[in-house]
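Consider the two complexes below, in which subunit A is the common component and subunit B and subunit C are the respective partners.
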Partner chain A sequence: MTPHQERTGPGAVPAQAAFLPAPEGTKKAVTDFLKTLMDQGGLDALLVPVEVPDTPFHAWVMVKKSEVLDKAHPLPPVMSVQGGRALSSLTKHGTPWLHIAAVMRPCEARAAVELAKLKQVRLDNVVLITIDCPGALPLAEYVADPEKGQERYKTVADTWHENEFLRPACARCHRFSLTGLEDGPSEGPAPDDAPASVDIHIGLLGEDQNGILLLPVTPSGAEILKKTGLEADRPTAGWESRVRDLLKKKKEKRQAAHEEFRKDITGLDRFLTVFDPCINCHNCMNVCPVCYCQQCYFDTQTQFCTSSVYMDRARKRGALRFPPDPLLFHLGRMSHMVLSCVSCGACEDACPVSIPVGKVFSWVADETQPAFGYSAGTDRGDPLPLQNFLKEEFCEIETPSACGQAQSTEVKENA
Partner chain B sequence: MSDAYNPRIVGFLCNWCAYTGADLAGVSRARVSSSLHAIRVMCSGRIDPLYVIMAYLKGADGVMGMGCHPGDCHYLKGNYNARRRFVMLESIFKTLGLDGKRIGLWWVSASEGKRFAQVTNEFTELMKTKGPNPFREEMFI
Partner chain C sequence: MSARIGVYVCECGPNIPDRIDIDRVLEEISPLKDVAVAKRYRLLCSNDGKKYLADEIRSEKLTHLVVAACSPRDHEKTFMKVCLEAGLNPFLFQMVNIREQCAWIFSEKSEATRMAVKYIRAGISRVTLHEPLLQKEIKATPDVLVVGGGIAGVETALSLAGQKRRVYLVERSDALGGTAARLGRLLPHQGTDMRLIQEKIEHAENNENISVFKGCEVEDIRGFLGNFEVSLKRSGGEPPPEMFRVGAVVVATGFALWDAFDPDVTGYGKIDDVVTSLEFEAMSASGKILKKNGSPPRSVALIHCVGRKEKGYCSKVCCLYSLKFAHQLKDSQPAPDVFEFYSDLCLPEKTDQDVFEEAKKRGVRFLRADDIRVEGRNGKIRIAYRDGSAEEAVEVEMAVLAPAMVPAPDSDRLARMLNIPLDETGFFKEAHSMLDPVSAPISGIYIAGCASGPKSIPESVVQAQAASGKILSVLMLGKTLEPEVKVSTIKEELCTGCQTCLNVCFYGAISFDAFRGVSVVNEAICRGCGSCVGSCPSGAISSKQFTYQQLFKEVMEALR
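What follows is the complex of A and B.
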């Protein structure tokens, strides 16, 4: 590829982590850890999914009370509201004056990092905590039969991504653990200055299944862990190799799924059939964490022409579909957000007619983000591809090429 | 007039370079293909990728983006941004199996009237050989 910004390479995996025994299961241990964080970690509140009483659902709640934390868990059976969106609604209009921690799935944390770059989230006073995620269930199925869903979800945590009940986005997810691990060096310690997207990571895949690992990823994360009195003395190598093994398998699975999908979708006719059932509800856009515009072009009247224009167009084409341009909505949205797509699958969950929106978008994202050496949400210090450029790059796209004419200097925009 | 297919090409021309270049081409009586439908934008960085996709889906045979040579942007860095947008567009087109050769980015300065005529005519010839955009006849998009 053409010269682009050299990636500093995230993937700072701390060599040692704190260990919390889990005699009553990992769920209880995670809850205990959250309580310890609140009591001794110097935090004022936690933003975490909490069980809504008498319903099978979780909601994002900012919690201070310890008894509410009993019902909190960062891995609810379904992802009803994307955590990045929840954090955005909390911090969009100013840095929180409380020192809070947001405990989320890795895809949600990646969305939060992307939103921070888009000035929709402020991470100044927020500690991001992620957890090894076994995946979630399809929202529609869970809503139809929550009891069955809860039964199914119990099996999900045991099988780690080999579960038939997982939603498609999770079944082919290869970024379910510490963000950056999938792109980082496979061996050897990461450089000290390697930027990370999260502060603390909760490892469930450790060698010792009778406990959870608490990885201090950033210095501020390490400081908080220190305050809680948990000694970081367990080596993380076993956890890392287990995660990497699973990552490798999942990556292959993902690539195979994309290849298969490529055959299904490429070409004009087939491409159209994928989006044909679209009912123009814009749910995919409304739930997408990185679709943040206050006023979307596709929600305005600007996109509609006068009827004479449509008559004219229909006459020339022979026929015209109404309301016009459903495909333009999807491709237009894609051109606006695909470089920030974190493959969370929220769009797919929200689609009432089961269009594999997430599949298309995450596939295009996987093909497009690497062109800029970018991986959405992985690295807080990596500027958005469209807010950054080199004077000499991508020579093949322009005529005449500007490469080789001037000394290459990097110019970064202070957005 | 020959019977050859006459394509329709939408061009987004930067006000400061390509649009003035097009004007110069006219003043100096260069032959410019009539296929080009020029839309003036204030900067090539103003070309929202949505515009390109919209033109393509609505049946334009080709979409040209034209801006100042790198380093000459009136707004200092708009054309660098445009270049990255076109890289993204090309990648999206390629992935989805659409014809990425139907879109392109050219640098044409205000003094390059001849060059403006030349690249426009070349692109028109290329689109002639490609034939109509398949989306032109598609009614379900």
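What follows is the complex of A and C.
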């Protein structure tokens, strides 16, 4: 399919980054960095997951005092509230006059970028910081046995995607590092106008395991790092090649999983079977960071008809299931948000009957977003396909005759 | 009170009963819920028919009316007026098209009858959900802003001022008249007397109904038909004139000459005595067509179509003015050799052919040429070109380029400000290039002259007069405006403020209320097209008279 616009390329990968030694482990080093950021980065507050006292859980907290950061960690064992949602609730009603940094997983930051395009997040005064993410554990398993979960998460953090404990979305994730890196060319410096979704990225996958890398991705990110007195003098090439190798492996794994899944779900019957257990709780919608409607149509009474209408339908089909059209909710939701789906897996985590919602949505997202030349959360400047109407858009489908020979050949080639 | 729906089937002479069994239709419709009466009539749009319908509405105490007849494009307004006269809100009425959509398209009478019943049922089921809407009235300012003081702008201002309208004429440069006032001669009679144009300018400057703002640009325009707020800025940073309010805006910003041509191909700027058409006009106006060294040229090449390929359109007037130049050169003593390098001649007006024939008689050489390259050689100008497959060249002492006419600079800024579109060429886009060529797609904004594409002086004047006529018939002195009633409404409690609707609204009718975080429709601008309704991800927008419920019920009956 002809993309309706040219993608401008990868996220900028700075050639050099600041280095912070981690004699007491990377977690401590990240905490130290956040403290430095708070004290010297010219920031008023930090939005970051912080341990809830006496529980095995983390919550999003806007931190004003740097000592609270001792308990902060952007990579908690589970993703309970998606960071994009947290940032939305903080900034939706106007640009914060505070200068804050939000530190989150890459998928959470991508959701924040999508929400910014939908005006549900204001990024004007927000520094977005992401971190190489080893993945998270399935929420339900962790809640059932937090001790075991914490034990497992140690393995997760050490083995970098080579373990069987990850939640399905993370096991399939191919965008766990600096967003945009996975799409870009592997050589040459990034162009100056390369799109960026985040300002600073924390690299944990460096060759040197005794420290963390702090990548200044945007000029404002670089400026903040400068204020903290950290010198960006460590080459990032080693980190980059390690990340790319891992991303490549994971991408192949993801594509294989989607290909396998295609067999299970193609055709209305199989599709229905996948969604059969649905209990209409709409949890997937409620936790989805990019499902942002005030009230979902499927939560209203408007969708229901009078009993005589149902009688008519039952007469035609022989029988009718109630409540009617459970699939309509999932398809409706999909048509609304799949172009912004960041494959975070929050929906899957929240499903009480283990429907692979995330798998369905991220598979469809992988197929549909490229058709619009779009990649959710990658580029702040790239308008949402929904809000961007182009004359030539999908002309090979709408008016093949007006499209011209050149494009129709292209379609054939790509088909 | 329960609904009392009256259903009236119009026979439309023989049109409908020939193909539809109307009695059968009435039989099926009469027993439906809330249908008080179902009747047929010969011709409802006749005077007798309208009186009959009004009487029926009153005597049957109808709460809703359904008329099954022709296309609503024909008579919806007619029957809405009948409702109004009979005391029924005209929006509690639904027209069902059983002529074009049933009688005229089905060959089987039974099929046409079956479909007519379906459509009428659909109409009945939606009409009960109709809201009694109210026609609003908006006060309108009859004054007009004209942007651009060229011939089109001046003519517009004069036409409107003649009808006692206050006109604000804004010109960026410090003189009125635009390009027309800079010409050396005027066709078709080769008159050198520019008094006619000068007179128009003087009239405009001295007219008490016209406020002329020279050296000014529009800083901002906000509003809609009948109510635009305008602020100006003065170039050079002087304090701006006061703000004012107008009812309509005429965009008469004219054109510029394309100047992005390749100096290696055209020689412009590199070789002496290669000039553009407007530079030649200036020489012509001063009466001195001379080379840089002060002597008159003994041979001149007139090169047409500079930039036609690159720009993708014909600039319409260059052939003619190049002919004008040829005549003018031939008038001087001694007359130089003149070569016209053209690829296609565009001479559409009735007087043009004579000018061309006359030029041929006077020895002007017409060379059909491709791939023209202007080269400097020993102080002379060599024009190399291809004629079919042969490579040819001519040496001359002066070359005049006829560059394409392109949009005036800053057109895009003005377009953004007025929320009107530019077309692919960058000129202002007409509401319809053939059928509505002086209107912008947004009510209250008009386009005249070269702002919408290359035009001759007479064409620009015609457009100016047409735009004035449109304004005079829309903004009548002492009259209010009646905006569209079936507009979009936004449910604020559902609106998430994502502003997708702002991007799709063609008319600029939606704005964002940052304080409440919701989008807001300006009912005076909204035309009820429904684009925003379709685009709203939250389903927060609906269109009056096209609510989801009304459409759902209507479609359900039609598909039953």
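Simple rule for what comes next: the second predicted complex is superposed on the first by the 396 of 415 C-alpha atoms of A that agree within 3 Å, B and C clash if a C-alpha of one lies under 4 Å from a C-alpha of the other, contacts with A are read in each partner's own complex, and residues count from 1 in each chain.
Here is the rule we use: contacts are C-beta pairs under 8 Å (C-beta built on N, C-alpha and C of every residue); 3 or more make two chains touch, one makes a residue touch a chain.
These numbers were taken from a predicted model, which means no experiment stands behind them.
Trainee: Going by the contact rule set out at the top, does A:93 touch subunit B (first), subunit C (second), both, or neither?
Mentor: second
Trainee: Kindly classify A:297 by the partners it touches after superposition: subunit B alone (first), subunit C alone (second), both, or neither?
Mentor: both
Trainee: Identify which of subunit B and subunit C touches the larger number of residues of subunit A.
Mentor: Between subunit B and subunit C, B touches the greater number of residues in subunit A.
Trainee: Which holds for A:312: it touches subunit B only (first), subunit C only (second), both, or neither?
Mentor: After superposing on A, A:312 lies in contact with subunit C but is clear of subunit B.
Trainee: Is A:326 touching anything from subunit B or subunit C once the two structures are fitted on A? First, second, both or neither.
Mentor: A:326: touches subunit B, not subunit C.
Trainee: After lining up the shared chain so the two structures overlap, which partner does A:389 touch, if you call subunit B first and subunit C second: first, second, both or neither?
Mentor: In the superposed model, A:389 contacts both subunit B and subunit C.
Trainee: Have a look at where A:265 lands relative to subunit B and subunit C in the superposition and call it first, second, both or neither.
Mentor: first
Trainee: Looking at the overlay, what does A:367 touch: subunit B (first), subunit C (second), both, or neither?
Mentor: first
Trainee: For A:120, decide between first (touching subunit B), second (touching subunit C), both and neither.
Mentor: Second partner only.
Trainee: Just to be sure I follow: which residues of subunit A are touched by subunit B in one complex and then by subunit C in the other one?
Mentor: 297, 336, 386, 389.
Trainee: Inside the complex, what are the residues of subunit C that reach subunit A?
Mentor: Residue list for subunit C touching subunit A: 493-500, 503-504, 514, 517, 535, 537-540, 548-549, 556, 560.
Trainee: Tell me, which parts of subunit A touch subunit C in their complex?
Mentor: Touching subunit C: residues 92-94, 118-120, 292-295, 297, 302, 309, 312, 336, 384, 386-389 of subunit A.
Trainee: So in the complex, the part of subunit A that touches subunit B is made up of which residues?
Mentor: That would be residues 262, 265-268, 271-272, 276, 297, 313, 316-321, 325-328, 331-332, 334-336, 338-339, 363-364, 367-368, 371-372, 385-386, 389-394, 397-400, 402, 405-406, 411, 413 of subunit A.
Trainee: Contact residues on subunit B for subunit A in the complex?
Mentor: Within the complex, subunit B contacts subunit A at residues 49-50, 52-54, 57-59, 69-71, 77, 80-81, 83-92, 94-98, 104-107, 119, 134-141.
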